[in-house]
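Shared between the two complexes below is chain A, which pairs with chain B and chain C, respectively.
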Partner chain A sequence: MPRSLAAAGALAALLAATAVAQDPRLGRLDATARPLVAGVIDSARAAGLPTEPLVQRALEGATKGAPGTLIASAVQRLAADLGRARAVLGAGATPPELEAGAAALRAGAGPAVLAQLRRSRRQTITVPLAVLADLVASGVPVDSAAAAVLALAASARDADLIDLRRAVERDIALGAAPTAATAAAMAGVFGADALHVNAGARDARPGRP
Partner chain B sequence: MFEDRQDPVDRIVSHLRRPVQIDPALDGRVMQEIADGETGRRPGAAVVAWRWLIRPRQLAVSPLGALATAAGLAALVWALPGRGARPAPAEATSRQFQFVVVAPRATRVALVGDFNDWDATRTPMRPSPRGGSVWTAVLPLSPGRYRYAFLVDGSRWLADPAAPHARDDEFGAPSSVVTVGGS
Partner chain C sequence: MTAGRRAWAASAAAGWSLLTVRAPAAQTTGTFDIGMSTVRYDGFLASGAASVTPGVRWERPNGTLTARGTYLRFESGHRSLQGSVAGSFFMPAAHRWRGEFSAGAGASRYVDFASFWHAVGEARLHFMESERGAWVSGTAGRASYGSAPRTVLAAGAGAWLRLPELTLRVSANLSHVGDTSYTDVESSARTAWGQVTLDATLGARVWSRGGGRGMYGETSAALSLGERIAIVLSGGRYPTDPISGSIAARYLTVAIRIQTVSPRHTMSRGSMAPRGSGADGTDAPTAARLEVQVDRSRPVRLVVHVADASRVEVAGDFTDWQPLALNRTGGDLWEVVLPITSGVHRIDIRIDGAAWMVPAGTTRAPDDYGGDVGIFVVP
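What follows is the complex of A and B.
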């Protein structure tokens, strides 16, 4: 029994050392999380998924002092979401698109919405997906958020979509119902072309999240 | 030159009837000039080709031939890159973003997130020059979606009240999300 324990410990140490050799940043994880996270990252890499979001999620957990098992499960869940996003968006999707797609799927958007966004917009769909996830996080029902983003996605600039999200959040903070706030912001977009006003000045100074 | 007694008309007629003396070498000189002119101004091959290209012509094409040509052009356009299995467009370059947080009585504040490996030593925030509790940091960010938070005095986590909260917060401390667009 002690011999098998020693063998298991040696194996764990070997896996941990291998993980650190693959990415030195994983050395910040504790001994429990390190081999588990490294295994998930290896699998993701073999599947052609971006690994940087997984590393960042693990580092977030480590910096916040989360238990190793919690970090490993969070990384594993994100890898699964990235895989689902890639299945919908296609192998040509960029890592930022996959990350935003994973967030949108986690927020509750259906795969059909992601696929429709991909078809409707020639530019990158990172921002539409991120805005969709953010709107849902603000309390907007998934259907309303998806309808708003899909209505704008074909022709709006990224900045317009981000402005839409800001307008919705502002109105919600002022007490509007999320659905009504979304409808009002959409009316503003389609009404007076107000979102294009002063766009040059906005781009010239550092932005705010 | 004229005799006074002759009628003026007769004088003119007789003058015009006189044989004209022509230099015997004139014909030779004229022919030589013509030959020199032809050899000196002969257009080059490019000029000949250009004249051939711009000369209007009439083409006779059968309906079947026109349809085949149109189908070939359509197939060519369809096969061009950017059609069919459309590759994802490239992300644009980075832009400056300013992060601001109000942290009363804080001695140090760090900005940590996906953009700096969640390393609290990488992006310390600066207190406002006017004093008070406003801390700022400016970072270049490429287009994408980033999670981040503020770490106050090395132990207290703050989300950004001016940004969306991360919905998938799994570690018990709040995070925010910044989305950077490329257009």
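What follows is the complex of A and C.
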């Protein structure tokens, strides 16, 4: 028994040393997390997934003082999400796209939405995916958020999508329901709301007696 | 109780209900304007007036419904009441085309002798791109000036253009109300600068039979003083509107606008970071707001607004989650310039060595470690 314990300890130490050798930043993890995280990262690298997001997720846990097992499971979950995103977006997806895709999937967007985004936009879809996840996090139902982003994805610039997200944020902060805020922001992006071309809903001039 | 007092009581009650009872539907927002004006209607002497204007707006993804009323009390003691309701429904977009159907009705009354009402329907066909668009419209309905209703027919066309800091619109309308006809050509611009939103309209009634002619223009500035309150300053000249029954006038108004806040659903983003909620679930001492300034040709500038701090640090996936102290650049401003790549990023902030916290201006999301993390996007 003591011999097996010694062997297990030696193996753990070896794995930990290997992990630090692979990426010195992992030296900030405790002895429990280090070999587990290193194993996940090795597997991800072998699968062709980006490893930097995994390292960052582990470092975030270390900075926040999370237990090693929690850090390992968080990294494992992110690796699984990245794999799902790559399966939908294809092998040609960039690491930022995969990271944003993983966040969108985690937020509740279906794989079909990600695939449709990929088809509808020639440029990178990192920002559309990020805005999609962001809208959902702001309380916009997934279907509404997906419809909004898909409607803009083909022709809108990244900056337009960021504007959309800001407009939704502003309107929610002003008290609008997330769905209504998204609809109003869409109209704003299309110019309808901001310009009062919406015939039935245009406001009277404020203060006109 | 006189009709005027009943109307005043109804307006006050509606306004009070907007302020005290949150909008029953999540998509509903209300405004309540209290203002003072000086106005000179064409053919009348100038007069001061106090106004109360409650309004409510109900939104759905494919349409809106608005209702608005105005109670005016002039310095002579006379009163004017106006009310209107309008709704519009958008058809699903077909490529860049979208149809809109709308209907509106309104009525107004001045003292006991002048009353107007109108009811019209309108169809618009929009051509929309992300930065520009155009529409054509047709309107039909009825309007009455206290006599037999008269037929309303109108046709219009317009175009709009969105520039980075400015939105422009031009339109032309030909209207027939009974035997009165007129053509208006109008342009408007809207821009927002910080907490100030500016609107301006310049137009001309270029042709008319019984509706007057001439130039007109109005402008308004709204200064937001927070989520609920704004000060609105507006003025100018508007033309006679034979459909709604308003008479041409010059005016200047200053008003306070109070906006209701409807119940929030899932809120993970706010204008202020919640106090007492650190990223690790412990208490955070104060609130901070992050501003991400992106210029494609330069590194990203992170600016944090926080009051009464002696040290502010950020940590995120762009610092390998190592605390990085910010430089103080002003009273409450702290900043750092970093080469942050395009994509999604996670960030937390620490003030004076206290708990890590999620700054306002980011999206709050669970961090997998029992707390939250701020998310922002660099395009």
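A few notes on this one:
Keep in mind that, in the parts below, the second predicted complex is superposed on the first by the 191 of 209 C-alpha atoms of A that agree within 3 Å, B and C clash if a C-alpha of one lies under 4 Å from a C-alpha of the other, contacts with A are read in each partner's own complex, and residues count from 1 in each chain.
As a convention for this text, contacts are C-beta pairs under 8 Å (C-beta built on N, C-alpha and C of every residue); 3 or more make two chains touch, one makes a residue touch a chain.
Owing to the predicted nature of the structure, the values given are computational and were not obtained by experimental measurement.
By the touch criterion stated above, A:Arg122 is placed in contact with chain B alone, chain C being left untouched.
The larger set of touched chain A residues comes from C, when the choice is between chain B and chain C. By the touch criterion defined above, A:Ser144 lies against chain C but remains apart from chain B after alignment on the C-alpha atoms of chain A. Touch criterion met: A:Thr63 reaches chain B and chain C at once.
Within chain A, the residues touched by chain B in the first complex and by chain C in the second are 25, 53, 56, 59-64, 66, 70-71, 73-74, 77-78, 96, 99-100, 103, 124, 126-127, 129-131, 133-134, 137-138, 157-159, 161-162, 165, 169, 203, 206-209. Looking at the complex, you find that chain A touches chain B at residues 25, 53, 55-56, 59-64, 66, 70-71, 73-74, 77-78, 89-90, 92-94, 96-97, 99-100, 103, 106-107, 122-124, 126-127, 129-131, 133-134, 136-138, 157-159, 161-162, 165, 169, 203, 206-209.
Chain A meets chain C in the complex at residues 25, 53, 56-57, 59-66, 70-71, 73-74, 77-78, 96, 99-100, 103, 124, 126-127, 129-131, 133-134, 137-139, 144, 151-152, 155-162, 165, 169, 172-180, 182-184, 189-192, 194-209. Chain C contributes residues 26-27, 29, 33, 35, 37, 39, 49, 51, 55, 57, 59-66, 68, 70, 72, 84, 86-89, 93, 100-104, 122, 124, 126, 128-133, 135, 137, 158, 160, 162, 167, 169, 188, 190, 199, 201, 218, 220, 222, 227, 232-235, 238, 249, 251, 253-255, 257, 259-262, 264-271, 279-280, 315, 317, 320-323, 341-344, 346, 356, 363-365, 367-371, 373, 375, 377, 379 to its touches with chain A in the complex.
If you check the complex, the residues on chain B that touch chain A are 85-91, 95-100, 112, 114, 117-120, 138, 142-145, 147, 151, 157, 160, 162-168, 170-173, 175-183.
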